[in-house]
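Order of writing sets the labels: A, B, C and D. Residues in every chain begin at 1.
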């Protein structure tokens, strides 16, 4: 339909209006933006495109196909939920900055998934980075300024890599169009690296762990929905059936669960869980069959819902108590029963309990792995999905709402927060019960039935005995206690090793500089002293000495230039 | 120096001749060595000499700073004015041919007027520079 | 140096509050017993149903009886033990990065 | 009348300058300066459209036919320079009214505008003329008035900075006149087109190579190519804000134009690159300039100085573009002439707003200004982003063409260098943003937003930064045409 607007435009205009409105007007506006955007994107059909010419290249800032449309719907839903969740923000919480940044951020994510060429993608890529950084800075907590800065630097580096790769690709292929890229040549690897940073590939992941727990309670909900999902989209578009992704995905699915077990900060635990879930998606994209891609994007869709729900419930806890550490919390079910129930729905969904949405998408990826012949990756992913139960399924609700009573007495969070969480929870259950709702939107035609007895039973066995193991370990008192501590991760390399390296190099350079200067002084001093005696301390010639040295440079240049020509 | 009668008398007598010589150098500039730049400096030299002998204040009473500064500006206007006049008469900028009915006479007139502009400007600039420097030294001591 | 220290010594002492550490017995006792019993029932039911229903595995390992149950139990056991070991390697005091 | 435009372009500011001295009233002098700039801008726009539509313009001063008389010859290259200079001058002159009243003694304001107009006409003259000696004359007019303008700065060190600039500028001008003299001695002509015809016959003569060397070093000095940039930071730092904005956006650009004219039009691309290996001379210097000056900029605490060093680095980008010896590379260089003028003009004007209210441009003095002077700092941020090369700003367009040129030549490490140094630019721009937005405003000072008289011209340039970043067809079109002319691929 030609009457549709570019999807991102609705959000950008909304952001502009949000910047100048206050109070109730803005609240109404904030809710209206995703709704209007959704109505608009509903009218966008496959093949819709918007082109313009720039620097002699055809740019395609908007290009719709099934893949981008799916993410388009998803991002509108996510934006709606997150916006409702953040309606209560007050001036003291930097409401204007947060609201505007959130709308720009959501709009950029939409722009990125509809971008048909690398330049548009790059523009939205960087906009994503900058706008989301404000969601971290807005918290104004200790460390959030620095964490936001580290986050921004990593994201900007990712953008630079993307631009470099895109430029080389333009040079190689002559087109800017963003389609299948593949890992041939430096340009492919640069683009892969750029997306990998955003997708939190192993060793490139630490920005996520570092920054997400530093965001505002509401900001992190936005963060969890967009950045990594844009990366998943970009991988699905540019690198399907790239074998390395299967192994990268398996690594991503596994290593965070170990960290998640021992992490004390519950929002950081969720951040690890996020990498674990992206691992499943990356793995599916790597397999590359129709079923696998369907599974990966369906899982991305579901992850936005249940991970958003979990982040929202932890955000609600943080909003009401100011705490997110497992060691500080416990027993909140008495005063926050609704939140507890909603959190458990999220936990059940992420653990892929049958009748919840995680189940219908994760099983697709698992089946696709076997169909693709990845017989050794399948057990790894099965282990990872059992691990999810441990940290996200049990640990999060258990330590926050049950466990030992921390003595904290509070109330349910504001109504808008509850409403947002309820919407997400309903969506989780609805997709879990009626997978067709989601399957109809997937890029490929779906012929997959998650609910056969075999699937359901094996999954229940896996989950039940996984939980059993936790119970046994708890009862035997071997389960690792929650301890206030920092766990080293790959960010150590830049936060500590990098800092040390910079400091040491700085020292070394300074020392070398001193040595060089004293050596130079040994030669220059006699000359200088001669000049000093000749011209006196404050003589007119002494003052023009710097100009003299400038002229000396001129003479050197001329001599060098002429020598260069005549030798 | 103000008490040196010989110097004062000589300076008073020489000044008009210097001025006339300056004008000669100017008007003869298009046929013999000379021209606006030299003439301007010679004119300025007369006043520099006078102020050396009679003091800066005496000369500045006759020839105030604002006047010489305006001269510097005025000369440029004369120069450009000739250019514009030629343009108004249908030639290119500074196309002297158009200034008179006979191109050769036009060339004469044009060069003379342009050089007059140069004389005024150079005279103004030189005198201004002298005033500024002399004034500065006086205030400091 | 930090690795050698016992986990408890990392805790900052906080007066006037119950210790923030949650031991295994911190579940409210009356409830926990009922929940645990119900859970045990679920496990048994899952195993029994697994034998009754026709389970067609896709992976060769699924031929092993009760594969998923065993895998889930052993997997999580391993996960917890390895994580405990990991803690010795990576855990640092909470203010580790504060002097950046 | 239209046939006189090439000369009127230069002469109108030249005539208005003495009028400023005569009227002496500050506001009247300003009005004359504004009139001069506006006329120049209007004429430049007219000229550029004529040139693009129907080819080069030629004007014989005094009706003496070239190569004997002085010819003003304007093609796409210098029409473009005329637009840059007069556009920036117009923006700055409207900015200057309030800024100069605050920063310059009232008795000197009229003289300030006289010098400003002289400088403008000198710069326009260098661009417009087709006679190499005339280039030297206008170079001296613009330089001498620039020294005076810089010396008018409030800081006592302004005088010393202007003096050093004077020495270096004079050395540079002398080198250029020596080069011109040697060319004249060999060929007997001063007209550019005539020189271009005659030089190929005497390529083998050593005098010509020496002339080339003198011209090269003289131009390097004037355009502040590393390591001959030493005069620039002090001159920019201590000059009045309006002067800094004007000089930073125009003076070095015109010097780059001189370089292009001498080496491409007069000597010819073939001689420059095949015989003199100019690319091998320029590229290391450009890379060194970009790297070391960006690094120096990161460590500065005076923001004006920071931007001054950044200018030296940015000049490195233009020289890098030239050193690619290709149409794309020259397009990038010519494009960056315009784009850099826009961004540095906007940035220095935003700093002028800060100086107007706070009286300091030290980075610590700018703490918390994001809240107190939101419009000013927003202008700075947009200008800074443009400097970094963020998409949707002109900086991106320049970098894009530079990288394309590097890849076209197969020198992809240089493309990487351009990207890395963009991050360095982000670092120094960020230091200001960090101070302005993330530090608390010291509570004991009352500070308001800068007056509209300063903000409107600043934002005009900021808007152009974004406008030409989005719709780059026109600027790129002219730059490509200019590059083709310079490489000898088009008339």
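Things to note:
Here is the rule we use: a contact is a pair of C-beta atoms (placed from the backbone, for glycine too) under 8 Å apart; a residue touches a chain by one contact, two chains touch by 3 or more.
These numbers come from a predicted model, not from an experiment.
Chains that touch both chain B and chain C: there are none. Across A-C and B-D, it is A-C that has more C-beta pairs touching. A straight line joining the Cα centres of chain A and chain B is 76 Å long. Centre-to-centre separation of chain A and chain C, using mean CA positions: 27 Å.
If you average the CA atoms of chain B and of chain D, the two centres end up 36 Å from each other. Distance between chain A and chain D, defined via averaged C-alpha coordinates, is recorded as 42 Å. The set of touching chain pairs reads A-C, A-D, B-D, using the touch definition from the header.
By the touch rule above, chain A contacts chain C in their complex via residues 143, 146, 257-259, 261-262, 325-328, 330, 367, 370, 375, 378-379, 382-383, 386-387, 389-390, 399, 402-407, 453-454, 457-489, 495-496, 499. Interface residues of chain D, counted against chain B in their complex, comprise 4, 7-8, 11, 14-15, 17-22, 24, 59-63, 114.
Remark: chain D residues 160, 163-164, 167-168, 171-172, 175, 206, 209-210, 212-214, 216-217, 220-221, 227-228, 230-231, 276-277, 281, 390-392, 397, 400-401, 403-404, 407-408, 412, 415-416, 419, 422-423, 426, 438, 472-473, 476 touch chain A in the complex. Within the complex formed with chain D, the chain B residues making contact are 66, 69-70, 72-77, 80, 83-84, 86-87, 91-97.
Across the complex, chain C meets chain A through its residues 7, 10-12, 17-18, 20-28, 36, 39, 42-43, 46-47, 49-50, 53-62, 66-77, 79-84, 86-87, 89-97, 100.
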